[in-house]
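Next, two complexes with chain A in common: one pairs it with chain B, the other with chain C.
What follows is the complex of A and B.
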């Protein structure tokens, strides 16, 4: 699967206005999204046979092909990958699931929550707790953008695979990945035909805490999270996924869609392809 | 407008007509006519008469005089010049004659000089004339000149115009003054017209923009027309509709001459249309009521016209989607013609949908209007519209999901579920009613036989929340979603047999294949535990047969379990033994092999018959040809419900159980 992208930087004073403009353009309300992103780095275990011949052949499940492809990618080179877990606003500053909810500052803000995400049981009985063991995860792999493409959009190979809920550390370690760090992305998603427009910024965990060696089991208050960019500016990312990257026609259609969006947004923001090396995911 | 305009643009014509002051006039009269002293009546009369007469001749003379004078003057001048020339020539001749003898040698030189000058003059004239008559002038030109100057390279013009006479100058002055006046008038007219036009434009523009703002304030989305860059447009269509209809929901806001808004929908028909629902039952027809408040004329406010356009687009989209869905439902007997959809609902009921003009009156539907059946048609009409709105919301939901990766093949857009829920409900209702009628019939029969059957009960449309529903979007959508699920109704009841019960579930499903209704019949009958439930039954007749069978079994087991009081002289009480319960056959055994008594119960929807007769076999269990019915063994027949004649004849056994006991007693007496 390929992904075509365009980026733009949005200063914080323009953020609200752009939200309005995008809502008008896409004729939909923004969907607020909060994501935990864990960064993992591949390492080679000493003496590990990278061949893994026949290891995936007995997988007769529906996602066998997906897993196979991901496996192939994982074993080809050494890459950083991300594990993405959608969270909701009330998960921040919430106690772990063991503690009773009454002790906590109750947060009644239920609207704008992720529809698909937190499991029903968590939603139902624990309004202000965060259950790390029920946290859904998704493995996101992104290759370095393709070099020397004449098209004015960033193109890269991508793959996603669902991971088991809860603590993924053992599985990731078993696959040859080590935890590096984690951060949170907050933003709003718009859908414009086939294009996903994600206006987001990166939030860091409070720096006073000691950096843990594994994913956090509880989240600090959202207010304590500091934006990576000190001024709080946002990144506008317009992306479109293509199933078959070898099909030139679809790729062309997709990039034309993106360029069309760039034209439409010309008076508001300047969408540009990103610097290739800044999106390098290879582990040196 | 012209009068109210304050700028003085017209030439000041009134200034001339203003009366001069008296002394000025007197001085003028003195100048023109001389002293007043000579004025008397005769002179004035003569003057008036002179003015009245057409003074053509004197004026003509006056007019022509200067031109004549001009001509004669010019002629005189011409003569004078010619005279001068001839005099000069003569003088030259004379002088040459006089000096001829003395300067003989000089003469050829002078002559040559003169010749040269003449030739030069000739060349000059020729060159001058060569412009107008080149052929002729060429013959008189010298070859040198021909080389030097091309033909027609010299032209002449009158530089010093002849002096004009005073009359001509006066004429010219008058004409130019007239022209100037005319031009000034024209210019001022044009300016004033332009001012008027601008004023009118300002007024109509103001009106136009006020109306546009009014439209915008009402909440309509006003934008620039995507194709006509200079025009404004209002969007009234449904953004989630099919693209063809979504794009039609846009009309440009044109300005008419007086500034009022004109809603320009392009080539679309402007008459309001709506989807009419007609219910046909047998020969009768009922139509749905017309939508209200959407008929707008050209004179109506713009709001009403926009509303009408919106409703029309909605109705046309509705019909389009209905036709699409009807084609997919062709397997259910739904027929589509050019502009008509026919849906068979029940045996003699058909629903017809068509797209008609609102103002077009239809005599057929007006004929037999019965108010109570309008509600079905109206309900159907409302239902399909609600379902279309729901489909729009589903589209929005689908559109705002993270899209699938781009592929070459686009997933097809499935038909909306507009007809199906309504169709399912109507079909379900028909089936439930028919089964209800069946139950009430057969229960009447059984009760008329004196059987104390507990009443059956019916739960229609299980799971439909018919109470109050919250007003939030989610709960409303959840409510509509419920109507898309299979409709279910349950008949249940207890049987005569203890711990016996039955239930029949009718499930109608039009949302997914297999389309249609099924019956699920289940029962609990301890006496015939080996019998399996028939489970799913597709046909109404089969379902009814199954229920009849269950009830027959129940009646048989009830008869069998009913103890008969022991006949006098016998110690043990007798009992009817169910030998073939599925056939409704029971046996009353007897010690004598030819005295076995058999009872046969038959149950149908409308009656129940019980027949008793003696059988002639050893144990009495034979069937069919082996049954060996006794000859002349008077068979007793008892039918329920009893007709009036029968009941009057035989008063003794009114209930089934009485009859059964009576028969048993009769046998024991034998």
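What follows is the complex of A and C.
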């Protein structure tokens, strides 16, 4: 799959206004989303890098090409990858969080949003605990954006796969990925035709805790989470996923749609392709 | 048929001149509408339209004055006409029927003329729909085309008018300058001049919430009207951490 993207930086004072504008443009209420994102980095497994595994000279020659290919596959592409888990406000901290959750809701959501997620609030009444072992996860791989300089949108290869629930640390380690850090993404999603618009920001865990070496089993109160960008600004991301990236026609249509959206939003925000190196997922 | 006199030649030449003038002024209006960005002011369009209408009148007068001659004159190619090289022109000249498009125009013009004749008791005789004219007569209902035209014209005009004003008061600036006690509001209750007095009561946050922002409206090149979804931010506030640093953190966990 390919993904076409445009980004814009949204100052916090413009956030509420933009939410309303996007709601008007897309004719839908914002879908509030909270995601835990775990950043993993591929590491070189010791012992896998041995070019010569013994055996006879003949065998080695016959397999030289194969061996090289396997080595390239194992060691060539080393990437950062993300594990994404959807959470809800009730997952943050324990029972008394409900107050913070509703405060946060009234802050960013618009009238009518309460109707769209009644199950969450019902559950919050019965069980306000966060069960790490039931946490669903999804592996999100993103390649470094393509180096096409002509293109006015960011294009990159992407792939997603569902992971088992609960603790994914052993599986990730077994696949050669080490935990780097984790953060929470908070934002609102809109769908505009084939474009997914995600207005979001990164939240840090409270800094007084020491940085753990594996994913947290419990979440602090949302109130204590601090935005990465101190002024609380948001990132607007508009993306289209294209199943067959080799089809030039579809890719062209998709990028035209994105540019069309950019034109529509021109007076509110300036959507632009991102700096390619800032989305570099290659692990050095 | 008698050979043409020099007078007749002059008449023909004159009709040619006048048609050329008409085509020129039409052409210049079309090009100024197509290429002018922003559109030329309405006064210049109006001036051009009146030039065209004068040209039309002079052509029509000329044609009806010399109706006898022009109706009897026929075109035929002389032996010296370069028929091989200029064949399309020859075909044009020898056509006896009008171009289908032109025929449509003629039919429409005739129909409009009949309608105008039928309703000649009404003050508005022109076949060009004029919204304000129709509104003044009050006796004639607007037809669909006129309504559409009115609706296309009104939002832009109203918006432009609205943008000239600073909203949020009971009186216009002109009225206030002339002294508000002179304004005839037609209201029994006393309107307060809220420019100065009740700012302190309402507080500043209130002002910001109540403020309606007037956004831009302009014509799309393809036709129709396009609204800006937000006023232009003349002074965008840049976040402290630039976008690419945030994206880098999101990708690799590398702190900015």
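Everything below uses one rule, namely that the second predicted complex is superposed on the first by the 223 of 284 C-alpha atoms of A that agree within 3 Å, B and C clash if a C-alpha of one lies under 4 Å from a C-alpha of the other, contacts with A are read in each partner's own complex, and residues count from 1 in each chain.
Everything that follows uses one rule, which is that a contact is a pair of C-beta atoms (placed from the backbone, for glycine too) under 8 Å apart; a residue touches a chain by one contact, two chains touch by 3 or more.
What you see is a predicted model, and the numbers here were worked out from it, not measured in a lab.
Undergrad: Once the two complexes are aligned on chain A, which partner has more residues of chain A within touching range, chain B or chain C?
TA: C
Undergrad: For A:162, select first, second, both or neither according to whether it touches chain B, chain C, the two together, or no partner.
TA: neither
Undergrad: With the two complexes superposed on chain A, say which partner A:180 touches: chain B (first), chain C (second), both, or neither.
TA: Only chain C; A:180 stays clear of chain B.
Undergrad: Taking the superposition as given, does A:142 touch the first partner, chain B, the second, chain C, both, or neither?
TA: second
Undergrad: Name the contact category of A:191: first (chain B only), second (chain C only), both, or neither.
TA: first
Undergrad: Touching A:1 in the superposition: chain B (first), chain C (second), both, neither?
TA: Only chain B; A:1 stays clear of chain C.
Undergrad: Can you list the residues of chain A that touch chain B in one structure and chain C in the other?
TA: The answer is that chain A has no such residue.
Undergrad: Using the touch definition up top, name the residues of chain C that touch chain A in the complex.
TA: By the definition above, chain C touches chain A via 215-216, 228-233, 236-253, 256.
Undergrad: How about chain A: which of its residues touch chain B in the complex?
TA: By the definition above, chain A touches chain B via 1, 27-28, 31, 189, 191, 193-196, 240-244, 247, 249-250, 253-254.
Undergrad: Which of the residues in chain A end up touching chain C in this complex?
TA: These residues of chain A touch chain C: 7-9, 11-14, 17, 21, 24-25, 37, 39, 41, 80, 142, 180-181, 183, 185, 202, 228-231, 233, 235, 264-268, 274-275, 277-281.
Undergrad: Which part of chain B faces chain A closely enough to touch in the complex?
TA: 239, 396, 399-408
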